[in-house]
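See the structures that follow.
After this come two complexes, each holding chain A, first together with chain B and then together with chain C.
Entry: the complex of A and B
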């Protein structure tokens, strides 16, 4: 790209090239702005002093943070969301590591089937699975959905993310380490615990972060399982936004963005962004 | 009696069991329900007859396809320059753009959609700006309609398009377009004759992925579309939990699932065909 100037000596053409490159970078910048705009706006609006949604805010205050931290429905929704996401992540990691081990090791009959089965939640529309679970719960007459059902459903939706991440890191691991451990007399269990799990740790950690994030953020499945006893923060936010056009969601959203950013930075540190690159 | 060859199945069984019991079996039961008479349980097509006759389903069906089309189109228009920049900019700037594109993927879809509600709403920044310079006198309606859904879903899905394009762009040597340029091609020709054809596989998989995700997106159309702009996904929800018409909800869910699974099948087939024809 640097060789263009002497290839096209005519000043007019050189100018056109410069304009073209400027235009390209300008277009790129505009789309970057498109990607960050909603996040930035939410953060700015959360510090408003007005009682309605307006941009730019007429004045700045921390009123809405005080407001959301004192609201009991937010507190209980945050608590149950945290419990659900934490439990679902822990269970999904255990189940996912076992399944990934199977998928990453040598081929066996029916491996393709196992792969399709455990990843199948990715291929079905969330709203279909959500309604399907709801339908079954009604059928077996679980009339008031509580925490366990919610957690099990969240394990199911986060499992594919754990598996893809752990699988990738196990597939890239050096198999000779494992063989060395075994030839030195380690039992399969010891080998698995000390060698396989250790080398797959970044993948497991990345998978856990993704699982926690996607479980905490889920709307589609949770909205069908919400009851008077258990609900999640995103589901509560959806109904709040629908009926009250005030800036309190902005304050909650800003807190969520901050936590997500911390998780994202941690994910990037352990090299987990590759999980996005190889789908 | 577990021999050595059964160990893989044993280790994978918790995952398989979970997915089967919590996703596949309920989905199968739902399919049966879609073909059952509400009262007698006899097999029938009348649930589908009912939704195909209803005006709201027809509108939601075409609206879903229309919105998915525009979301895919805009994702290509925006995703291409972003992917090109990430692939060709200097490492530091490239990382910045990569983070800007990827980070929103982890942010709650409710938060992202809410951001667009604030931007596009009646007292949002766009309306304030347009009224400020006197271009309009009444606020434009950009939320609670299809426009808002397209914007929200494009923001939701553009990262997937960028990732799909990047997966092929990363394999292209910058020397390729340098060679084209040094042979006298102008940048536009170099782009359309050299780069674009080589990114077709990425473009195709990105288009199929974004289109299928746009069809099944739920939270964004729920928040952005309101009750007046139902898509197939939000229609399932409204039938199920607002009007308690579970037979219709099951029928719509079946239609949605068929479209989604068909898309995954097409996507896999295209990828497989490409792989077997061009060995990367």
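Entry: the complex of A and C
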């Protein structure tokens, strides 16, 4: 009965409710302040006409973009970053989809271990993984690290993102859809193509976006693997910031934000957004 | 198991599909124990039984999704034991319809034709005709999420029928619909099956569906067939107490055969059913439908009885009556326009009494 239930007086309850809403909005505001505001400042500062960092800028120009684009390393760094992220994402998606299919199908012996191994890069610090890969490369005496090594390392660290999201969408899939397809004459290969992949599409896309952005923005692992021949944009940015107290890092950062956003919009356009909305 | 398609002369020649001594075990659990039945060409056969009786497993074995531990599945004169599902040429309708959510109604229906590489123009005509046949003309571009339960059901049926399968398998297709729609779909399903003449195997736990749709019924329980006959025979002559109970015979009274043609019920009441079929000494169950028990005002010839309570059921009222000489109350139904109360007389007609083997 109600007798043992402790009920707050209505005005107190209403006050708590108001406080809760206030807290909710407060957190939202704080997130905007601490997360979005610095990014906006960086973007704004990149258009400054001054040769030092100052907010708000005394005037506006594209000087720093001109400066950045004339840097000797910028084109090759952007190109390698894009190549590495694209290749790593494609490879991780192919491996990830196949691995998820196996994991999402019937349970098998040692599945827990496989699950743990596959996902371990998610909970190991990136520096540790980078250092470990670096050591292996030194051990097998690959002294000059090239693109393939970098791609392999990035596949390793992005694979968990792909598997996580594809596995989740495959595990929730309705097995009777596959059986329906087979009863209608679809071979296992056709069933995989027409049903399994189609059903998992939102998960695959989400995984691919995560993998690409992670690979494209990664510093901790790539920093061990860069060489004079192959380097990535974020790694170069870090060293550039170290030696250049001018607004050029702001321009590079803005370029990175733009590339990541453009890619996201592009992927969302080619059917990703629809897939997300249809679920 | 045979490695290639073999012919078998042992099966009944008109059978479109036959299960021969099918056994199936999942680990230690035996879910089918040497089950044999067949559907004739164009027949509507129902697998009826409570959950866990093996009806769905039988259907999945016919479809090829499960492999039988022993026995043969025959399509006509050919064993299909080693034929994978995608080569069995069956139409299958699932309980949850299993429509592809990312495809429109027309794309769903076209799927089987696409897998068979039917030319585009022909596919378009056949899809249109199939959707029209289930009353969904004009719904071609709808996605399943924009269709009602009944409409999804029809798309699933159209998708299964458009490939002109040798065999149509229906796994409790009506159980997700509400009562009114279920009645309508039942009617349409039967019409559709008659119109196409496709051999159909239907799985259900609903005896009413089984009676209204089937040419023959396979009543199953714990992996075994209890009764395998036409609906009217199951209705009038259930083979055992389980069968009687499952099809809704209300009164099941434990009894003992005392002399040829003579029964004594638990509680002492002696009755003489028209047919007994058990030798003296047998423990049996006396089955009697509530609608076959007549209630009359006190003073008529029959058993004296006292009405315990009555339940209004619309056209009729279902009474529980205490009868001296019977341990448990007897259920009897009577038209609801006359309300009985208190002391009455019961008439238990001997020709309506079913003497049943107790297998419950």
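Keep in mind that, in the parts below, the second predicted complex is superposed on the first by the 229 of 279 C-alpha atoms of A that agree within 3 Å, B and C clash if a C-alpha of one lies under 4 Å from a C-alpha of the other, contacts with A are read in each partner's own complex, and residues count from 1 in each chain.
By definition in this document, contacts are C-beta pairs under 8 Å (C-beta built on N, C-alpha and C of every residue); 3 or more make two chains touch, one makes a residue touch a chain.
Values in this document were obtained by computation on a predicted structure and should not be read as measured data.
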Does chain B (first) or chain C (second) touch A:126, or do both, or does neither?
-> first
Who does A:11 touch here: chain B (first), chain C (second), both, or neither?
-> neither
Once the structures are superposed on A, label A:177 by its partner contacts, choosing first (chain B), second (chain C), both or neither.
-> second
Chain A contact check, chain B vs chain C, more residues touched by chain B
Can A:190 be said to touch chain B (first), chain C (second), both, or neither?
-> second
After superposition on the shared chain, which partner residues are touched by A:32: those of chain B (first), chain C (second), both, or neither?
-> first
Can A:198 be said to touch chain B (first), chain C (second), both, or neither?
-> second
Taking the contacts chain A makes with chain B in one complex and with chain C in the other, which residues are shared?
-> 278
Residue numbers on chain A that touch chain B, as the complex places them = 1, 3-4, 7, 17, 20, 24-25, 27-28, 31-32, 34-39, 41-42, 45, 52-56, 94-96, 98-99, 101-103, 105, 108-111, 114, 117-118, 120-121, 123-129, 131-136, 139, 152-153, 155-156, 159, 163, 210, 213, 216-217, 219-220, 223-224, 234, 237-238, 241-242, 245, 249-250, 253, 256-257, 260-261, 263-264, 267-268, 273, 276-279
Flag every residue of chain B that touches chain A in the complex, lowest number first.
-> 5, 8-9, 11-12, 14-16, 18-20, 22-27, 29-30, 33, 78-79, 81-82, 84-85, 88, 97-119, 121, 123-125, 128, 155, 158-159, 163-164, 166-167, 174, 177-178, 181-182, 184, 187, 215-216, 218-219, 222-223, 226, 233-234, 236-237, 240-241, 246, 249-250, 253, 256-257, 260-261, 264
Parts of chain C lying in touch with chain A, wherever the complex brings them together = 63-65, 84-92, 94, 96, 98-102, 111-112, 115-116, 159-160, 163, 169
Which residues of chain A touch chain C in the complex?
-> 174, 176-177, 179-188, 190-191, 194-195, 198-199, 201, 278
